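Here the structure is laid out as structure tokens; the discussion comes afterwards.
Labels run A, B, C and D following the written order; every chain starts at residue 1.
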Amino acid sequence: MKGEKQSDTLSVNVGPMRLRNPTMLASGILGISQDIFERLYNNNIGAIVTKSISVDPMKGYANPTIVPLGNKTYLNAVGLSNPGVFAFSHEIMRNKFVPIVVSLVGSSEKDFPKMISFLDSLNVIGYEINLSCPHVSKMGMEIGDDPEMVSLIIRTIKRHTRKPISVKIGIGSMDVVEISRVAVESGADMITAINTVRAMKIDVQSMIPVLSNVIGGLSGKAIKPIGIRCVYEISKVLNVPVIGCGGVSSWEDVVEYMIAGASAVQIGSILGNSDDTFFNRITSGLKRYLARKGIKNIGEIVGLAHRY
Amino acid sequence: MPIDIDLMRLARISETVMETSSVKTLVFKDRLGSKASAGQFLMVWIPRIEEIPMSVMVSRREGHAAVTVKKHGKGTTALFEMDVGDFIGLRGPYGNRFTISTEFTNVLLIGGGTGLVPLLRLAVNITRLNIRCTLIIGARTKDEVIFEEYARKFLSDGKGKVIVTTDDGSYGLKGTASDGMVKTIGEERYDCVYTCGPEIMMKKIFEISKEQSLPVQASLERYMKCGIGICGSCCIDRWLVCRDGTVFDSNQLSRMKEFGMAFRDKDGQKLQYK
Amino acid sequence: MKGEKQSDTLSVNVGPMRLRNPTMLASGILGISQDIFERLYNNNIGAIVTKSISVDPMKGYANPTIVPLGNKTYLNAVGLSNPGVFAFSHEIMRNKFVPIVVSLVGSSEKDFPKMISFLDSLNVIGYEINLSCPHVSKMGMEIGDDPEMVSLIIRTIKRHTRKPISVKIGIGSMDVVEISRVAVESGADMITAINTVRAMKIDVQSMIPVLSNVIGGLSGKAIKPIGIRCVYEISKVLNVPVIGCGGVSSWEDVVEYMIAGASAVQIGSILGNSDDTFFNRITSGLKRYLARKGIKNIGEIVGLAHRY
Amino acid sequence: MPIDIDLMRLARISETVMETSSVKTLVFKDRLGSKASAGQFLMVWIPRIEEIPMSVMVSRREGHAAVTVKKHGKGTTALFEMDVGDFIGLRGPYGNRFTISTEFTNVLLIGGGTGLVPLLRLAVNITRLNIRCTLIIGARTKDEVIFEEYARKFLSDGKGKVIVTTDDGSYGLKGTASDGMVKTIGEERYDCVYTCGPEIMMKKIFEISKEQSLPVQASLERYMKCGIGICGSCCIDRWLVCRDGTVFDSNQLSRMKEFGMAFRDKDGQKLQYK
């Protein structure tokens, strides 16, 4: 798959998924509305990953849930608020042309077949399993740090769907390569790395932690070098397509992730600083870069850093 | 160094004004807020309680901004109970703004409740451009009429006029703000209608305007978490109210299936307006 | 210790160490020269932590070893280069007035008594044990992620010195609270959190990882929210003085760390962006803040965020 | 957007000049480098091989900078072997600069080897201020004399003069650069001595100057990793060469115990000059 030639400069194969370009919406960003998905797709995004969906609706935490820290860096503890799989399956029921990956979150392996039964017949190209939300107990990182639970969840999901699944990992208390290995050995088709990194902000004047949940996840520019490292480490060791995520804000960042080993790249918080031309600017930047280097298809740069 | 409007800043409340028994204006020093355009909002942090979007109110004091809050749930009640010396956190101002064409000669502003806040800011700008301006203040009952005195003062001297409507007829015209609108557009020709308030009211105004081919600009509200186009919770159809709005024009409003019909709850579920 | 009143506004007790103010030099920053230590002390720093010293001299990696990433954020893989304990003990032999904490690094528990035998009679106020260098195998994080090794090293050190020791932890593949707990139960007097975070940067034009070691550690502004979170988590759960580290560049950052639970705060990479007035600006900022809040001694703010 | 000099930028070598069999000048487009002051250096990345400090050489081409490298170890050899079209990475320029007083009328510049690089930049500035300037070019032997032609050209027309010394007498004055210095200060009065080159040479020059009460500015070299005052590897006594230097004046030099005596190795061990 790596380096495989394509007719089109930017089209990529991400495991069994074929995308017109390597950009994807990161989960939790603008991720609950079919109308918004269509707008983003019309604005040239490669694919959508939805907000993480749970069996039942979740209200999430009180605000502040999202705190800009400056320099394209953000802290959030949304608390996985989502409309639940029932309402969400209605949301995307009329999806015709958008390549949608549904992000799923659950507190036990039993949650996942329930959700898949609602979603599997819809126009959905795959699932991303969120095992790495750093600030919701019993649903995120606590599961991602438990290899047996990870394995059980993935094996259960694979028995209930033939669609490709990516497992989203984060900086928890297990080595990223080890937890990815567990995921792949249990049947994951792809790995998404990384989720936000556990972090915190205190307002010094009021002496109060700003997030209502006190602790949240760091995203944006600050975590890019960490994400690049994780993608490099995982893709160098494991024979699995990796989807890069964390701090992408320019076409150069997309290239950096792909050279590190990512087959596609998710874009999240930066969308708060961008407009409808964002993905066009990314794709034309990528095309110019490839032309300058004389590269026919962007897949050829995937993992070039593994030489070092 | 350029100031990042996204970085939360603390502001000390320097003055409060009780507008009604459940509506209060809080004034605070905030240069960025003082320069906000009509239609823009601040994300207001009530430490340890909530962070909520609030339209920026006009403040007479240089370098100061204000918000006018109506007691509602947890966040607005806590804000309402704040007093001089208390601190709030601020981000923004965010969002787009009402636009005014210099070719306008007479415009109609229709506000309900705290929806009047952005319209007052707008009215100030409009009168500065020597455009005549009629402001309809809609309220359920006499006690809930706000900003009337202030509006009458600066819309005097031929700059414009103020119409008050109350649902129960306890003050001004009996009826809704849209009833007031029907009456005044029968009497005068307007170039544009600006509105902010309960969505059902705005929807009505939009429909009346459509029949009359009157252009509308409406400032909408949706549930907001980030205020900056990240979370998606404020979406209405394909638009984000925090980033593409809060102000939408007739063209956009007419393409919205959800305007006046449906909104999203805190968890993103779509609910119908009753 | 927390909240204990002091005669002087800024003086703090950090476990058994008493410092004139809560600022300390982070290990590895300007950390090999007694002349520089004296200059920093004359410029009002509270204490010095030296470069991590090993038994034998270490050349470290080839350059580039330090890569500025912009916005006060840095990536480094110096490779623990240091002159070795023999040369270094000569370096600080004539130390009279500088409160020096020597950072120690080793590849087995046997290394530490050797180094202590050279250092313990010198004018040194304590040791910091670096178990968290994220990019040197067999010496850093690999040890820090092995609770039995951590425990063995600390118990060994405690048998050979009566000086206080701090254990420096990082974001590895063990939970920061758990590894701190192991350290404290084994006898550590203090915890320093955090070291740099494993990260990487690829130059997209040449398609080459910039650090000669490919992977290094992220420091500076980007990691501050992660450091704040770690200090909060550790100090909230464990009854041990915590020394905060990571991304401090202003007096506000010092305050934020202390409210999170730090008894003192180390300052590292930002010194690349500062001059001789830096620590005076920090301390006068702190004094103004305390005066405004009517606080007599800075120790009173330590851990105020634990209320939440 | 302001450009961050710390962020590594790639530059393509556009021209090379062989100065001697082991010294080569590489020219590349780099706006920041082209504006460097005399005494400043760039951190030059030779991808996958090394990153090393290099003084910024004058370049005649607008918006271009250059470095002149002497083949030495791994890094300098790789750089020396680079050709037109190859890419290097750049950070900086870093460090302070030589200072010139407008009250000076005649100054002496003494350089050895690639230490001439910052002095050429300085000489250009000095002659622009209409200050006379004598440049001593020290070399071990005739083949190692660099920049003579270039220097003679722009120090002509009464702007100054060039003295070449060779240790073996194969060209110019026989002796070291400091021998040349002794000779010329016997003949002319200088206001200041600027020097860059082997430290033993600079130490000698400093001592001669001290006897004559001549102020000195010397650009020093130490092992550098970061170039920006973080790592401490470049320290000499209480100073950091990358940040407090590279240029130090008589006052500082006289307070240094290590100047001409000791330097630190890659691991930070202090070694004595032989």
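Of note:
Definition applied: a residue touches a chain if its C-beta (ideal position, glycine included) is under 8 Å from a C-beta of that chain, and two chains touch if they have at least 3 such contacts.
Worth saying up front: this structure is predicted, and the values here are computed from it rather than measured.
Subunit D has its Cα centroid 66 Å from the Cα centroid of subunit B.
Note: centroid distance subunit A to subunit C, computed from Cα atoms, is 34 Å.
Chain geometry summary: the mean Cα position of subunit B and that of subunit C are 51 Å apart.
The centroid of the Cα atoms in subunit A and the matching centroid in subunit B are 37 Å apart.
Within subunit C, contacts with two or more other chains are made by residues 69, 208, 308.
In subunit D, 48 are the positions where the chain touches two or more neighbouring chains simultaneously.
Interchain contacts link the chains end to end along an open line, per the touch definition above.
Two chains count as a pair here when they touch; such pairs are A-B, A-C, C-D. Listed in rising order, the residues of subunit B touching subunit A in the complex are 4, 6-8, 10, 45, 47-52, 74-75, 87, 89, 91, 225-226, 228-233, 235, 237-238, 240, 264-270. Of all residues in subunit A, only 69, 71, 73, 75, 171, 173-175, 178, 197-202, 204, 207-209, 214-215, 218, 221-223, 225-226, 228-229, 232-233, 252, 255-256, 259-260, 289, 301, 304-305, 308 touch subunit C in the complex they form.
On the side of subunit C, the complex with subunit D involves touching residues 28-33, 35-36, 38-39, 51, 57-60, 62-70, 74, 78, 81-84, 87, 91, 203, 205-206, 208, 210, 212, 268-269, 271-273.
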